[in-house]
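In what follows, chain A forms one complex with chain B and a second complex with chain C.
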Partner chain A sequence: MSTSTVDTTDDAPVFTGIGVVAPNGTGTEEYWRATLEGRSGLGPLTGFDTDGYDLHVAGHVTGFDATPHLPARVLAETDRWTRMGLVAAGWALADAHAGAAGWDPYEVCVMTASSSGGNELGQREIQKLWHQGPGQVSVYQSIGWFYAATTGQASIRHGFKGSCSVLVAEQAGGLDALAQARRALREGHRAVLTGGTEAPLSPYAVTCQLPTGTLSPARDPARAYLPFDERAAGWVPGEGGAMFVLEHPRAAGERGAPHRYGRLAGHAAGFAPDGAGRRVLDRVVRLALDDAGLPPAHVDAVFADASARPGADADESRVLADVFGPHGVPVTAPKTMTGRLYAGGAALDVAAALLALRDQVLPPTAGVRRPAAHHRLDLVLRTRPARLRNVLVLARGEGGFVSACVLSR
Partner chain B sequence: MRRRLAAVTGIGVVAPGGVGTKDFWELITSGRTATRGITHFDASGFRSRIAAEADFVPEDVGLGPYERTRLDRAAQFALACAREALDDAGLAPGQLPPERMTVSVGTAVGATCTLEEQYVRVSSRGERWAVDPARAVSFLYDALVPGSFAAEVARYAGAEGPAAVISTGCTSGLDAVAHAAALIEDGTADAAVTGATEAPISPITVACFDAIRATSAGNDSPATASRPFDRERDGFVLGEGAAFFVLEELAHARARGVVPYCVIAGRAGRANAFHMTGLRPDGEEMAEAIRVALRQSGLAPEAVDYVNAHGSGTRQNDRHETAAFKKSLGEHAYRVPVSSIKSMIGHSLGAIGAIEIAACALTITHDLVPPTANLRTPDPECDLDYVPLTARRRRVDTALCVGSGFGGFQSAMVLATPEALAA
Partner chain C sequence: MATPITLDELLRVLATCGAELQEAGDDAGDAPFEELGLDSLALLEVEAVLRNGHGTELPDGFLGRVHTPNEFVRELDALSQEVS
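Right, the complex of A and B next:
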């Protein structure tokens, strides 16, 4: 029963499994192929009568069907966001050959990021309550709507009894959940099922996002999300995300884990009050590099937050120029092909970065054709082979959340 | 080298029956209850029509027009508590180095009240599935994402270290404070404003607990409806509220000349991997969380002077955790006083763990154990000393606080005076 059997000397944890559900590809390799080919998953916002919605483009995961992957009882209990998380989790565990790992249940944790919870299920049940009366609300509302649903279901499904958690830090949460997972490994756990997903495209969830003024009103999917471009005018939301198996390196070595996609070498996070976005991002980037023990010159690529709001893009490009020098490091944002997936977004960027490390190739910032010169970035516009040892992933959330992590071969 | 410890140096509470730490402490040591018929909305069509409501007046705690009109009630509770906790710690917002201060906020269901109220507007009371975005208020996004609670607290406190919400159902409060403590212990931060908040008394929350019959239907006698460990218990009574703390690394607090309430000596979470709402009767996973938290603290089970139970008052919970106490504490489980303050202030979901940490810190400070109200006919299967009805004077240097939640989360925290750890 003890969880203190693993040596906790400071080794960076290693990613041994990946599972992806993304608008441009369901399944890790399908997503990665589409991403390297520059195939976008953005399309018209759909699924309900969108008349009156000043959002026209979104990253739907079309054709996602959890039915073959999950039992009927779990399907009934869960929202789309949790189903995506569970399917991605199943793939990540299979990828890691976790079934043969012989883990003690108490040595494995589930730590996910969430941001908006079970939107579609929640709206359906509130509608029943107000339209039909209190007696009509489903017995599953209490377990499907709340932010902890994915972690709870994954723990039950796979029998993981370690320290389980749910981290909510808007769009930065996907990186912060990894840091929490690293902490659990340092405290003696052997493996963590971690990552994040989001399904924010049901009517009420979209309605909640519209007043922020951050969404692109464009109607053409090819022009809706163009970070660092002269035409940048906001971003589009998407659904999906990624899940990972993150292991203590010694534990992964002992059991002969089949894949070592990369190591979580560094992380830092901070909160930026209004007007301090650039200053805090600068500090967080430098802290993450310090945490990884790397000078800027050893970073071979940056997966940018790439907000596509001109002010936020300027903050980010300025920080990258200050830390790495103007045009000093290749910068990419494959999320132009998926939209921003909230809690799933940073997780999906981590998946892309790990696959880039594996294949020694940088995916493109598809769609951007006219990078604004003032950003002074080496923006990766076409898939680019590259020697990659260390990559930096950045994430920022509405309200001031800022996170960075360093992934290394 | 001695490990870094997070010390509690400031407390702020909003609870049913009392806004402010002083009123909260008076209530829970008086044995009076703050459960009553729901007044927040017309609950006449619901199975459970009782709740523990906080008489919270935003103006009275200094919230301005922006906070009163744009923030969800749970965020308002959080700000009121953060303010009291900072005052109590003798700190002004922004006084400590911002980048060394972290914020961690627990909530289970987020801005439920605002989400539901606004849903009713944009959907014309559920008439339309494709709701009308033209009616959306400007602050609606902050209700969709509970991360906004952490952002509000961080802005208020002047914190620029990591900020996050931890949302693990009904253990959110314990887990959020544990997360902040972990960041202080590993050197990521030197101080934290941390706690948890919940304002769930809305039609949808009441309806969803009605659907699974988790809440008490003791509508005829609201004041005695929350009956943890009693043979007649029939579910929990929904509550609301918040508690926040200033945590500082112990040496940091001492350098300021502050005597802390207590330190967080151990903390652990485990999952039952069993059922989203059901509990394994043997309590093994909660017992394991307690064992790990005690091991971290370096204290033996016999050092525990008080156990603040989850004690929700559902049939299964109270037996489950009684079993967990016996498994983890051995014979000492029969000797140590155990009580549930939910008997008086209800179950405020994600917030209650933080409120119970506040109760433990105050118990350690005042050497007075709050009682389990309404415990008049003990359940023979719950056979520990639950401190029925009246508070008990007793020296308490070490307290154990536990929680259990939907999703299978089981959490434990050991709070102790620094002297008890050094002994």
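Right, the complex of A and C next:
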């Protein structure tokens, strides 16, 4: 086996900036420190009278205040999810030294993922419509609730006038946005502001999730989200996400971008009808590796989707055993410390994977004490130093979305 | 009904609708709405807040005719005199 990375992806886009807003840390390094220390951001679901909601644990981003970061006009126009996206975007751009990049505005794109839009703002305004009449509904309902709001606000705020879009594919959208960004770079754009955030912890948002039957009913935050564990009983939702600056490698080289966290070496997406989850995930993983030009043996770690529903966990572990061999590759799920952030979740996993590549260390799957033997996984239960060249990130979205991406040093 | 409004009252309403008044400082009254960060959508919000919070109904086309807070106050004052 060759030890060199197979590189058939000269034009693979490079990540030059990261911004994170997560339940266990606001700001990239704060999040990463907490994650490596195994500090969880899960706690009681709060913020409203939760009586009658069969969800008790969530990943709130406590202490997040957008006020110092965003102008009053933008605050008036936006939902919490967009504010988180804009703050993370600002940090990613600063991290990439984008201000000094001298970009032509028409060569820079914005492509974000969102799976539920402006839940809190939408609920507030619909309540006004119901109780006080149409004259009381804010005009910002028209632009604040819908999925493209974060992309639009980021485009306006930073003056990026290249191709702009939003990807809606639940958890998988965070990876699909990167693929869309790669497409734009291949078409000649210079840079893309991309990633995803979500704020799904308001009453209406929680109500929409309850009927899926996928949420953990547990009351103890330490036991609520235990993927691949004998006690796995569903996931808990969280809020936040991550934004990135993704650049054409030549463009990043020419301007001397200060950070190169890693390259987007491969991506694939599929759609699984009921009962086909395992077959589609298997194919998507293999297609992503093909796209990256890598054999399975060159993948050094997997950031799992880690649904924590026993059937979906079994699908995922079986695919990983089939592709990489039983216990054949380290598998981790730092989302055990944040909950699933939907569109923000895969984006946050990408941030963790890039930081893992940078620091050559794998974050733990927190809280899992009794991994179920039938999964045949090398599950990373404690922070583990590792030689990492290529990592695979998996994401499945409720409804059938399946995506995978390969990140390389 | 076109009830008059003072500049201070109007500026308070503009601020709740996201106007950036600090930079303009004492000159806010004569700053064009765009310079205060108020686009056409924000002005629709201003119209709604005045109607719901102050009982001030702006006549059709009013917002198209005024471009600064002072013009807004003067024009509304003139209209209220016409009516009474």
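Convention: the second predicted complex is superposed on the first by the 399 of 409 C-alpha atoms of A that agree within 3 Å, B and C clash if a C-alpha of one lies under 4 Å from a C-alpha of the other, contacts with A are read in each partner's own complex, and residues count from 1 in each chain.
Please note the rule applied: a residue touches a chain if its C-beta (ideal position, glycine included) is under 8 Å from a C-beta of that chain, and two chains touch if they have at least 3 such contacts.
In this text, all values refer to a predicted model and were calculated from it rather than measured experimentally.
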item	value
Comparing the two partners chain B and chain C, which touches a greater set of residues in chain A	B
Which of chain B and chain C A:I143 touches, first, second, both or neither	both
Touching partner for A:P203 - first (chain B), second (chain C), both, neither	first
Touched partner set for A:I126, first chain B, second chain C, both or neither	first
Chain B versus chain C as contact partner of A:A222, first or second or both or neither	neither
Contacts of A:G52 with chain B and chain C, given as first, second, both or neither	first
Which superposed partner A:A76 touches (first chain B, second chain C, both, neither)	second
Residues of chain A at both interfaces, chain B in one complex, chain C in the other	77, 135, 138-139, 142-143
Residues of chain A touching chain C in the complex	71-77, 135-136, 138-140, 142-143
Residues of chain B defined as touching chain A within the complex	45-47, 99, 103, 108-110, 115-116, 119-120, 122-123, 125-127, 129-134, 136-148, 150-151, 154-155, 158-169, 172, 175, 179, 182, 186, 203-204, 206-212, 214, 268-277, 285, 288, 291-292, 295, 405-409
In the complex, chain A residues that touch chain B	1, 3-4, 48-54, 77, 105-106, 110, 114-117, 122-123, 125-135, 137-139, 141-143, 145-149, 151-153, 155-156, 158-170, 173, 176, 180, 183, 186, 200, 203-212, 269-274, 276, 280, 283, 342, 397-401, 403
Touching residues (chain side chain C, partner chain A) in the complex	15-20, 37-38, 41-42, 44-45, 48, 51-52
